[in-house]
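Following are the structures in question.
Paired with chain B in one complex and with chain C in the other, chain A is shared by the two complexes that follow.
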Partner chain A sequence: MSSVLHPPDASALQAGSMLPEPWVVVSRLEENADTFTIELRPAEEGTLRPFAPGQFNMLYAFGTGESAISISGSPENSDTRVHTIRRVGTVTSALDRLAPGDTIGLRGPFGSAWPIEELPGRDLVFVAGGIGLAPLRPAILHALAHRKDYGRIVILAGARSPEDLIFHDELLEWKEEPDVEVKLTVDRAGIDWYHHVGVVTTLIPQADFDPANAVAMVCGPEIMMRFTAVELNKNGLPDSRLFVTLERNMKCAVGICGHCQFGPEFICRDGPVFRYDHIHHWFSQREV
Partner chain B sequence: MTTDPPVLLPREQFGSLLEALARRGYRVVGPTVRDGTIVYDDLTKVEDLPIGWKDEQEGGHYRLKRREDEALFGYVVGPESWKKYLHPQRLRLVKAERDTSGHMTFTDGDEEEPVRYAFLGMKSCELNAMMIQDKVFLGSGTADSHYERRRKNIFSIGVSCGEAGGTCFCVSMGTGPEVTDQTPHDLAVTEVIEDTSHYFVLTAGSDEGREVLNELPATPAGPEHVSAAKQRVEHAASTMGRRMDTGGVRELLRENLEHPQWEDVAQRCLTCANCTMVCPTCFCTTVEDVTDLTGDNAERWRSWDSCFTLDFTWMHGGSARQSAKSRYRQWLTHKLSTWHDQFQSSGCVGCGRCITWCPVGIDLTQEVAAIREKDNHPAPTTS
Partner chain C sequence: MSTTLEPLLRKHPLFSGFDDDSIHLITSCAKNVRFHEGDLVAKQGEPADEFFLIREGRIAMEMPSPQGLMRLQTSDAGDVVGWSWLVPPYDWHFDLRAVSNVRAFSIDGRCLRNKCESDPRFGYTMMKRFSKMMADRLEATRLQLIDIYGAPADTTAP
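Now for the complex of A and B:
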């Protein structure tokens, strides 16, 4: 199984890759108090490049700056790009002020992808913490669109509270699909919450997948991914069939600004999706 | 391999090299004395070179001193490196414009016409450093067009060292002190000063270098001149101020990420970033976005950055590398270990700048030795 997953169009951006292209906001949706989803379409011909689930774009708010944001829309849906963004800093706050019709700059797609197309017949285990569900969503949508290519599909999503869950309605829709298991958990909840309470790792032993044939894709805070890996290992799923996506400060997205280094890896170029055993040495250290 | 016979250029004729380069349309830049240091700047005449100066270097110490002779290249290296010409400290990447309808246009902000520079006086460590930055900016998947445009015009004149500095360890890194065919160059120069004679032994390393040599009033070098030049280089090699045992250093650092020495060096390190600014291979950059008063014209500027700042790894919620320990570890581990994974070579050329210009004199050769002394996870050495 390969771990360096080449996106469909990796070379398309080589020339002038620091130049954004104008994209127009088509629609905007509030996910929760600090998270929103925007759908974008290219303002100019020839700038819509195919992407693979797990890849990201650099979104530029005019005069404010760029932020690396993973693509959260379906890879099947071709003419727009969807991004789910949490408002945490200057750039993401500027992006939050966008309304349909507004223009932003976009560079991308960049980075490696979930190995979703290389997994026919496998059980798929998706584990998400908070907004970590966003980069997983294109892979989940791909799997659902090609349902017969895969074994069981398990989606385990955790958040701090029910209000913090993103794609809440969609999660419940996925739950109704045949042979799809969706389990939700939150750290704290009121009496109207009828799913689980506790950290997302507690869902793993309850999930129904064949550890000998399953591949896990995990995204969330680093501490959550570390404990998820331990729990998956305990349940028979080895690091070599476990994929995570990492996040670091990024300026260039093409491996030359140095910011996103993680040991020997440039997360923008060699990641953000990594096979866990390949980065385990560095992932087990603090402050890498 | 260069098979060209070496030629001899007397000191009195050295100006002919500058003239030949200028005639070919090159802007000659090289070492000159300013603010008590040797910096790189325009050279219009031989007298602009640091004639008769040497640089005394130690951990956290740099002083220009008078030499007893009138050598042109009798110094080691100054605080600057040639990267300032190829990878400018500040560069406008993008110009963005927004019209009244809100539509945006983006254009390449790097409008500076690349200068045809002749780099006169590149020490062997510096030629190696340029080769390493070539790999960073041109070797991986995405070529940096800004570097590429500047780099392709360079005429390089390497100068072999006749003396080593107090913080030099190029011999340990296999990057000097002699300018050899391992590092592409147009001309290689060795300066020789004997009792009554002062001359240069030159060899061409490229076709254009050969053409330039043919335009100089040079004569074939005799075996005594070649041997005198060789002796100068051997003298430099035998007087290195520092050494580093590089055997298995790639694995040594990777396997000792929790070594107590990191805590020890963090007690001394000011995280001031000097080492990264003077390093001839450090390449990291940040970006800054600015707008004019109308808010409709924006620019994106790239400038040198350092892994020693907290901002460098800032994400929502804080920095990934909060402690000085983790930031020094990142720098040294990158330089000597993970650089191999990324670019198939070490990121260190042994020039000693990071030792000299560290305000508290932290010496990476000593840090590596200390880690090696108590290697917590001896690993089998590989290439």
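Now for the complex of A and C:
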């Protein structure tokens, strides 16, 4: 078991280019009021490239524009690509209007990945906030598909309210898997909610993992990841075994345009998955 | 009964480091309680004469809101529930409800308050431990308030 962990090098994983290729919408599922999942298959042969959990594609809604969207489906033997998207503006609203049979442009996959394949024997702690569960899902599915390769698996998911939680039914299914601990929490709930209420960081002290061996993968808004890191540190897990994924507005996705610069890093080229101690310094600075 | 409670209370982080006399006193103020799923554990506005150390199960803090009764925080095994016993006017500020079957220690707040008054060293230690708990809760509540899962504002270079 190597003691120094790194996200797999993005340059070794880059498969996408500047040219979008046509993909067809196969299915569409509402996750909640503003989030939906679409499944895509390539319209042309030879454009289905393998991806690693944590990587993203650039999805191009024709006539509107492109957005970076993480792959949320299983990395195992799939001939489709799944994306879970929250409608926030122009492009994501155009993607929201897509129906099965429609065609979009896709470039990718891009970026670095969760170091999931480097972690045999480790306890895995996944901490997700809101739509942050989407980029973690391929890593979770990989870990569950190779269950015996890992130690304990802990999945902590937080959302604003029960209605905002994505993959709700699947989370409850994962909870039934042997030696998998799933804890759900929301900021506020009605009296029919039997899970936790409180911010996701409050689940960390209750979670059953060995801090001397565990690796945490965290995805959510930056402020949530910052407080999660503090709580994981308090519970004995160092920044060097903590991975986060960052989002910045992205244009080229191939490290040229500089739109996604974060301190000295380009998120598309060096990220989006980073080892926390490598970027910790920039995390605490505003306007970076 | 106190002989069975004592070792468990001594091990609880809230009471770690207390001398034997203090542990004996705490034990004499403590009893085992059980609640069934759905039971009202404490009612807003009523005297807060006790607090709870949860041993098993989950208790929710509930408050009326314009959307109806809301759950704003839950506590689980190992958690301490209630600090109103320590702060005048010693009334519950919210309802507490058992979300599942619950086993807990109930500690008599009046009994501990008397000890805090008569033994300032003990009282100061209790205050420090409850202040820490309140500060942690306040920080968690602030994070709930700022909507940490919301979509971020634009952090993009133009």
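In this text, the second predicted complex is superposed on the first by the 271 of 288 C-alpha atoms of A that agree within 3 Å, B and C clash if a C-alpha of one lies under 4 Å from a C-alpha of the other, contacts with A are read in each partner's own complex, and residues count from 1 in each chain.
Rule of thumb we're sticking to: a contact is a pair of C-beta atoms (placed from the backbone, for glycine too) under 8 Å apart; a residue touches a chain by one contact, two chains touch by 3 or more.
These figures come from a predicted structure and were not determined experimentally.
A.B. asks: Should A:130 be classified as contacting the first partner (chain B), the second (chain C), both, or neither?
C.D. replies: second
A.B. asks: Please work out whether A:201 is in contact with chain B alone, chain C alone, both, or neither, and reply first, second, both or neither.
C.D. replies: In the superposition, A:201 touches chain C alone.
A.B. asks: In the superposed arrangement, does A:103 touch chain B (first), chain C (second), both or neither?
C.D. replies: After superposition on chain A, A:103 lies in contact with chain B alone.
A.B. asks: With the two structures laid over each other on chain A, which partner does A:160 touch: chain B (first), chain C (second), both, or neither?
C.D. replies: The answer is second: A:160 touches chain C but not chain B.
A.B. asks: Identify the partner contact of A:17: answer first if only chain B is touched, second if only chain C is, both if each is, neither if none is.
C.D. replies: In the superposition, A:17 touches chain B alone.
A.B. asks: For A:264, using the defined touch cut-off, is the partner it touches chain B, chain C, both, or neither? Pick first, second, both or neither.
C.D. replies: first
A.B. asks: Does chain C touch more residues of chain A than chain B does, or is it the other way round?
C.D. replies: B
A.B. asks: Just chain B (first), just chain C (second), both, or neither: which does A:255 touch?
C.D. replies: A:255 sits against chain B, while chain C stays out of touch.
A.B. asks: With both complexes superposed on chain A, which partner does A:281 reach: first (chain B), second (chain C), both or neither?
C.D. replies: In the superposed model, A:281 contacts chain B only, not chain C.
A.B. asks: Go through the superposed model and pick first if A:53 touches only chain B, second if only chain C, both, or neither.
C.D. replies: A:53 contacts neither chain B nor chain C.
A.B. asks: If you lay the two complexes on top of each other, which residues of chain A touch chain B in one and chain C in the other?
C.D. replies: 86, 88, 247-249, 258-259, 261
A.B. asks: Could you pull out which chain C residues touch chain A in their complex?
C.D. replies: Touching chain A from chain C are residues 58, 60-62, 67-74, 76, 78, 97, 99-100, 140, 143-144, 146-152, 154-157.
A.B. asks: Within their complex, state which residues of chain B touch chain A.
C.D. replies: Interface residues on chain B, with respect to chain A: 93-94, 96, 98, 102-108, 136-137, 140-145, 254, 257-258, 283-287, 289-291, 295, 298, 300, 302, 305, 307, 312-317, 320-323, 325-326, 330, 333-334, 338, 341-342.
A.B. asks: Tell me, which parts of chain A touch chain C in their complex?
C.D. replies: Within the complex, chain A contacts chain C at residues 86, 88, 129-132, 158-160, 164, 187-191, 193-199, 201-202, 206, 220-224, 227, 247-249, 258-259, 261.
A.B. asks: In the complex, go through chain A and note every residue touching chain B.
C.D. replies: Counting only chain A, the residues touching chain B are 10-11, 13-22, 43, 60, 62-66, 86, 88-89, 101-105, 247-249, 251-252, 254-259, 261, 263-264, 266, 269, 281, 285-288.
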